[in-house]
Amino acid sequence: MKTQSKLEKVLASGALAVTSEVGPPRGAIPEKVKEKAGLIKDHVDAINVTDNQTAMVRMSSWAAGVIIKQMGLDPILQMVTRDRNRLAMQSDIIGAYSMGINTMMCLSGDHVKFGDHPMANGVFDLDSIQLVQTVKKMRKEGKFQGGADIKSPPKMFIGAAANPFADPFELRVMRLAKKVKAGADFIQTQCIFNLDKFEKYMEMVCDRGLDQQVHLLAGITPMKSAGMARYMKNKVPGMDVPDEVIKRMEAVPKEEQPEEGIKIAIESIERLKQVKGVHGFHIMAIEWEEKVPQIVEKAGLFPRPVL
Amino acid sequence: MQKLKDNQHNKSNGRSVLVIGGGVGGIRAALDLAESRRNVVLIDTSYSIGGLMTQLDRTFPTNNCDLCTVSPHLSENTRQIHLDLKPMTQLEQLTGETGNFKATLVTEPRYIDIDKCTACGECHKYFPEAVRFTPGLDPRAPTCMRYPQATPYAFSIDMEKVTDINALKKVCKADAIIPDDTQKKVTIEAASIVLSVGAQLFDPAILDNFGSGQFENVVTGLEYERIMSASGPFQGDLVRVSDKKPPKKVAWIQCVGSRGINKADVPYCSGVCCMYALKEAIVTKERFAESIETTIFYMDMRTYGKDYELYLNRAKNDYGVRMIRSRPHSIIEDHKTKDLSITYAVEEEVLTKTEAFDMVVLSTGFRIPETTIDLARRLGIELNLHNFAKTDHFNPVKTSRPGVYVCGVVESPKDIPETMVQASAAASMAASNLPAIMDVPESENDFIPERDVSGEEPKIGVFICDCGLEIGGVVDVDKMVEFAGARPDVVVSQAVGYGCSSDSMALIEASIKTNNLNRVVIGGCSPRTHETKFQDLLRRAGLNKYLVEIVNLRDQNTWAHMGQPKEALDKAFKLLGIGISGVRKSRPLMDQTLPMNQNALVVGGGVTGMTAALQLAGQGVKVYLVERSAGLGGLAKSIRKTIQGDEVGPFMNQLIDDVTAHENIQVLTRSIIVDHSGIPGRFKTGIQTGPRMNYMQLDHGVTILATGALPNRPDAYGLGTHDSIVTQLELDVLIEDNPEKIKAMNQVVMIQCVGSREPDNPNCSRICCQAAIKNALRIKAIDPDIQIFILYRDIRTYGFQEDYYRKARDLDVKFIRFSLDNKPEVRVENNRVSVFVDDVILGRKIQIETDYLALSTGMIADDETTEDLSMMFHLPRTSDHYFLEDHVKLRPVDMSVRGFFIAGTTHSPKTIQESITQAYAAAGRAQTLLAKRQINLGAAVAKVDGSKCAACLVCVRACPFSIPFINEDGYSQIDPAKCQGCGVCAADCPAKAIQLLAFEDDQIMAKLDGLFGGLN
Amino acid sequence: MENFEPEIVAFCCHYCAYTAADMAGSKRISYPPNVKIIRVPCTGKVDAIHIMKALEKGADGVYVAGCLEGDCHFKNGNTRAGYRVEHVQKYLEELGWETERVAMMNMSAGMGEFFARTALEFTQKIKQLGPSPIKRINIDKSQKAVG
Amino acid sequence: MTLQTKFSKGEFVILAEMNTPKGIDISDLVTNVRHLKSRIDAVVIPDMDNGVMHMSALAGGAIIRQQGLEPMIHIYGRDRNRMALQGDMLAAHVLGIHNLLVVQGENIAHGDHQNAKLVDDLNELDLLVMVHSLLKGTDLAGFELKGKPEFFTGCQVQPIQDDEHLEKEFISAKVKVDAGAQYIIVPPVFDMAWYTQILNKFKSLNVPVIATVFMLKNVGMARYISINDPGSRLSESLITRIRKSKDREAECIRIAGEMIKELKSVAAGIKISASGWEDRLPAILDCAEL
Amino acid sequence: MITAEQKPLSEIIEYISPYDRILLVGCNECVTVCAAGGRKEVGLLASALTLHFLKQGRTIDIKEITLERQCDPEYVEELVSEIDRADAILSMACGCGVQTIAERYKEKPVFPAVNTKFMGASESQGIWVERCRGCGDCLLGITGGICPVARCSKQLLNGPCGGTSNGKCEIDPDVECAWCLIWERLKALGMEKRYEEIMEAKDFRPAGGGGPRKIIREDLSL
């Protein structure tokens, strides 16, 4: 074991891991974090805590992570390179680790243009791959990015994101390889709706032997309505929602659409379980955390292993 | 006319060409000759030149306003030093022979001195009975000027209508009226004569069935033009004559008086009426109301000209002009409403129909008047059976009398572009009896050297015309003189009466010299008409011609504000202020010139190219005749006979021999053009020549494109699948070479419009109707018992071709009509060819078994070649890949790039005769350029100040002609020889490094200062 | 402001608008004498600065008159002139001036009546707008001085 | 390194054809040579090619030499007798011109001096024999020369339409090689498969085989060649390719460049004939990535 | 080239309102080329300002002068003869020019009339696009000649983010994804392997992270 991370343990055991996420509140409301985490606590192995998601100011991700940790659960600290330079990020990593957070995701983050501070300066001192490298260096070499030694280096289990659907497709596996090479231990993918394309992607991943080097958790998002499906197809950059999925959602009455969305999510998990290289699932139920247990159960991923 | 007098000495050193008739054709011929430094005497019986075209409202196919397109053409006239214009003049007698004619000319009294008349219109104002020239709708006034841009720019008096000559004399402040003016007779020496008197339009009043002259709302096509015209009787409102209300339903009746056998009819086709009826219908919808219903009653729609079929399609499809194939037999008027009802029959139906209209337009064609027949007798030329001039079959501008040439409608009915082509051709032929242009020295300007005014303080002379009362009657000239005199640097300010009169011009010239003036302001009429005149005056006085500013006190002030004298005076001060301030900043400028290369490149060695080459070579021009195939001759070599029965072969052989033997022609066969550069007058064209494609460069001043077209061979009606299915071209050869085979035939079928007038090749191929009839007549001549069927859509035997069409019908050639959506069908069974066609009249499908099926396939543009050449030469093409001339009406052989001319079938499909005519025309137009020793590029060119240039490329990108480039020194360079002088670069330059000479920024600023009273 | 007579500058291209103005004159069609024409070879030569300077020097309105769209003798000079007029209008907008004080017009050489009509309409519009803001302040001042 | 050494070392040799001027203005020739100096191995100077009078190739060769490049000049028997030819060859050596290409003079009837008197004292084979004799230090009359010249001499073959024709030209080339030709230049072919077949056939003669790349200039010229020179095998699709391109001149340059690229593996070298467009040769070489 | 764009007139007017004599200085380099501050724009701005102040009944003396380059002291020296007659200087050059003037004429207030935008290239007439951020450590050699620093919205150095669709950037469908361009170019050059190498965290000192930058050419300096 490289780290103390529970997620690492689950993955090492060969079981399919399950993660989900909690978005910190836009205010000093620790209860909200607890409430959201409470909804999913028994059904997941670890909980992502998002970092100023969609470039909107929220409670800092490490603080929310500490609250979750205090609940006895396992938070995954998300960190975007958009808001902090390498000094701030490394200091936060040490801080978070000191508070018992041992798993993190390294991301570049949505552009500030989309958020509530479009006039802010995007920092981007490092990109996500360089952040992975930095965290790895801290863990493995015990050195800061700048080269100085760390006293008692943090041992983070390092995650990164992958979007198999963004352009150019042929570059996606190569970019994954770069993240792995930089030191990513696990990968969470963008929401998967186009399963055919994802399977093709995974084939390429396996062809390069990346499945042997990294744990890949497939991203699953249940859709609440046909409207949401259309929105994700048309408005969310890098999202691939096939027309059949939208049609399927549209085919059922509006009130049954949430149920249909969950059904699709479950079917997707069932199908992806068979895909070589998929080591788990990351369920992003955006503002719909209460449905996570249902999905996990119906998809046959419950109960979670106790290690 | 001042200029003509001044340059009279130019005329004494050579014989002239006498051009009879001042319509567009005569003007074109005269201008072509004058531009190629030949002396011309242009006579016209009318008060001013312009002819029929100036009466038209708009012309097809562009629906442009004619006045705008024709007026620059006319005013060119007055600038030509080689041109002597004699209005109101007739030829009395012609003696002598080619190269040495003596022509006696008689000029009727005008009662107005052209030199004195300033066209102020005072006489007119006081005798205002009728101002406008509106034939058939208004009486003529006693004093008259036909239209605002008349040439000569002077009035004339109809003495018979004048009641009190003294009263009239009084109103003329220019003292131009000569009550005792008399007829004058002169004899001139002429080398050649060009006859271009046109024809009259048929007056349908003698036909009793259409009520022309009786029913107010029945008008002729020309009257309809006048009604629509802005200068017409209703100021451009389309209204009925009876109640001045806009019509809702207008009908046109075609072929009124033409293509008929009845009383007063002529048998030929007038050639132009289909197009003008379509134009009038379209303009009616376009300009007046989409809701006006337009209907055309016709027999055959003869839209055979270049892109005319597209115009017809537009009329039908885009404008909804209704077409009814019928020849109505009568019009009846409702006495109360003055509405009209037309009774007509259509082929498909038994009963006649009657329909009501508000207005009916009779499309009348051309007639040769008695006066022309009389003139022909005096000229000693023969006329044909229709009284048009009889001409050489292989040179349609050559009459029976050597040295006398014709052009325009007097030769045969035709429209404006064809008239223009013939005019240039006739001019070219006429010039061939004069010394070759290469041998005529360019007249030297005897101007004194220009005085160097640089470094001098401005010394401005202001001269203000009162123009009779035209200016002086509205604003106080003395006050203007006083105002101008008080402006800084003005040393002379005086009134000069009529500034443009010879006395005043002399006075100004003297004042410049004695007062040592270095800038001049003329307050008078528009610089558009008078700038050149005063520029010449400055040159005579030893000043650079760009040191004069004309202040438009008349056209843009007193004329426009005659009712507000106070305001007009104020404006006059300001305009003078603009002019005086502006001229202070003017600089002496040099017109850019380069020596002209006097060689010609003729591309294409067919009948057109050879004719043009020979014509130019005869004028001493060195000609490179470039042909891509191994021999000369082109498509015409495969034609045996013309419809007139002339043998093409011997004619072609003679032509080839002449061309090959001519010492001025270098024939380059197996030659492909590969590159091109240079400017008009100095082109350089690279060719690959000979079997091994040797590269060489030719230097030439002009280029004539005569690359021809291809015989069309569409995949239709089984062409190419059976020996008996051939094209008309192949049938022509068979008739001539193997009449025995023809004799053995019983039935022959011909199908027209094969691969033409179809969606993928929408235009008419023009030649196929006559080709089919030609071959039909020849077959009938071999054996009259052979049954011939011609399946057609419209028979387009324009002009005198109609005679052959009638003859074919007389000989029982069967004409069966079909439509585009119901084309004939060809089947081959047991090696026999059958044609199935729906007979409209019989109303059923018939089968015709045929021994021979001749397809009228016409021509198709040589897309590959024209595309290659258009890219290298930067020339535009039409949508169906023919070259596109500069102006479809007025410049039909000139291309948009100066120095390029087109002729023959590379322009559009045409017969051999038409190609030959255009070849002569192109050679003639080319001579207008080749006659120049220098290329004058004007002075208004953009100039770059390299020290300011930031090499930003704005000018390079903005120039509409791609002239600027960044030179080795790193700043923009604009070749003055190529600059067109628009000034776009100067306006866009962010570093203000470019100035347009003659319109520099500081001059414009100075003008603004002058206007607003500031002193720059 | 009743008897306000605006000063109007019209930059006219030689080939179309200037000829149209001559045509109006030869037909004795009246238009307001307020319009003073400055001739240019092509409206493509008219720089934004010429228009601005005209305003600066005292014009109450300025318009540029060229050939009809697509009929420019120099291909597209009139179109470019149109863009420049818009550019000046943007400046005027920023300065809080009425953008209608500058305009682009298109006409053919034969459109004498149209020339007169547009001259009249433009003059009327400027009359409605009143004197240029530059002049207005001077008038106000002088009125104040009197008052 | 001389052309001959380059061939012997198996280097891919690039020759550019450049005509002498019809006149005395050599500025274009010199400019074009300067632009190409480091990029080509030799300049081929035709002598009154196509029967069109030009400045003599001997002078052209000397100019090339002055510019520091190796010249290769045409020799042929149409216009000069054996005296003049031998004299010129000796002069050539002295002027530093060591590469000779023996060609058949074109028919005078297609040229610009159709009334000229035809000499035709020596044919191609005779010329090779003559050169061979000079190399040995003897003139054609058997007299010994004062000093022996050195030449690298090659020959040309005629356009080849089909297999039968190929066989005929092959035999004729073999005779020339036997008579002393040290390399062969093959006329242009636009169909690579056919060209490869031809070049391979001549390779068996064991002398360097040089392909000719003829630069097309526009559709008209391509069309002309396709009709009049069937041996060139210029296909309709090539014409269409030029027609469809936005910039035809650039496309023609690209076509020439691509042909050169393909020929690199087939021929010992190439001769580029831009006929009048020598200023575009650098662009062709760019396209050929040379 | 350095690109710039004229400031809103209201801002310029606010700067110079307190003064009566303005020296309006253009620059014949970059800002001329990008049509922000050459002779023509100087003229236009002068005219616009004149119009504004005339409207207020104020006559302001605006002296127009366009220097060859405002970022070279020798050229800026040319203002010496004019400077005494001016109360303030309005510069139409980029920030470099404004500062050069400010440094030379310390006694006079200097105001910028343009906003200096970026180092850009001309895409077509009238359109300029950002191409370089002057990061001081050029990567173009390994990114196929397309700069991820200037042209990727997130300045990513290791490939496109997950927001790319149809080759366009997530922030604006009109903006090309720099990494898609880089990838296409690398493929065309046969340099795909280059992509797989991880680009290490960038040293921002040459980009200005180490304070104001300076280039010293000792061989040239005096």
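Here the chain labels run A, B, C, D and E in written order, and each chain numbers its own residues starting at 1.
Rule of thumb we're sticking to: a residue touches a chain if its C-beta (ideal position, glycine included) is under 8 Å from a C-beta of that chain, and two chains touch if they have at least 3 such contacts.
Everything numeric here is computed off the predicted structure, so don't read it as measured data.
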Worksheet item: Which neighbours do subunit C and subunit D have in common?
Response: B
Worksheet, complete the sentence: Between B-D and B-C, more C-beta pairs in contact link B-C
Worksheet, complete the sentence: Chain centre (avg CA) closest to assembly CA average -> B
Worksheet item: Hey, how far is the Cα centre of subunit A from the one of subunit C, in Å?
Response: 65
Worksheet item: Rounded to the nearest whole Å, what is the centre-to-centre distance of subunit B and subunit C, using the mean of the C-alpha atoms as each centre?
Response: 35
Worksheet item: In whole angstrom, what separates the CA-based centres of subunit A and subunit E?
Response: 40
Item to complete: Please work out the Cα centroid separation of subunit B and subunit E, and write it as a whole number of Å.
Response: 56
Practice prompt. Quick one: which residues in subunit E touch 2 or more of the other chains?
Written response: 40, 43
Worksheet entry | Numbers and ranges of subunit B residues touching at least 2 other chains | 958
Worksheet, complete the sentence: Touching at least 2 other chains, the residues of subunit D are none
Worksheet item: Can you name every pair of chains that touch?
Response: A-E, B-C, B-D, B-E, C-E
Practice prompt. Write out the stretch or stretches of subunit C touching subunit E in their complex.
Written response: 47-49, 52-53, 55-56, 91-92, 94-97, 133-134, 136-138, 140-141
Fill in: subunit A contact footprint on subunit E (complex, rising order)
153-167, 170-171, 177, 179-180, 183-184, 195-196, 198-202, 204
Worksheet item: Which residues of subunit E touch subunit C in the complex?
Response: 8-10, 40, 43-44, 47-48, 50-52, 54-57
Practice prompt. Show which residues of subunit B lie in contact with subunit E when the two form their complex.
Written response: 948, 950-954, 957-958, 989-993
Practice prompt. In the complex, go through subunit D and note every residue touching subunit B.
Written response: 19, 22, 49-52, 106-107, 110-111, 217-221, 223-225, 228, 243, 248, 275-277
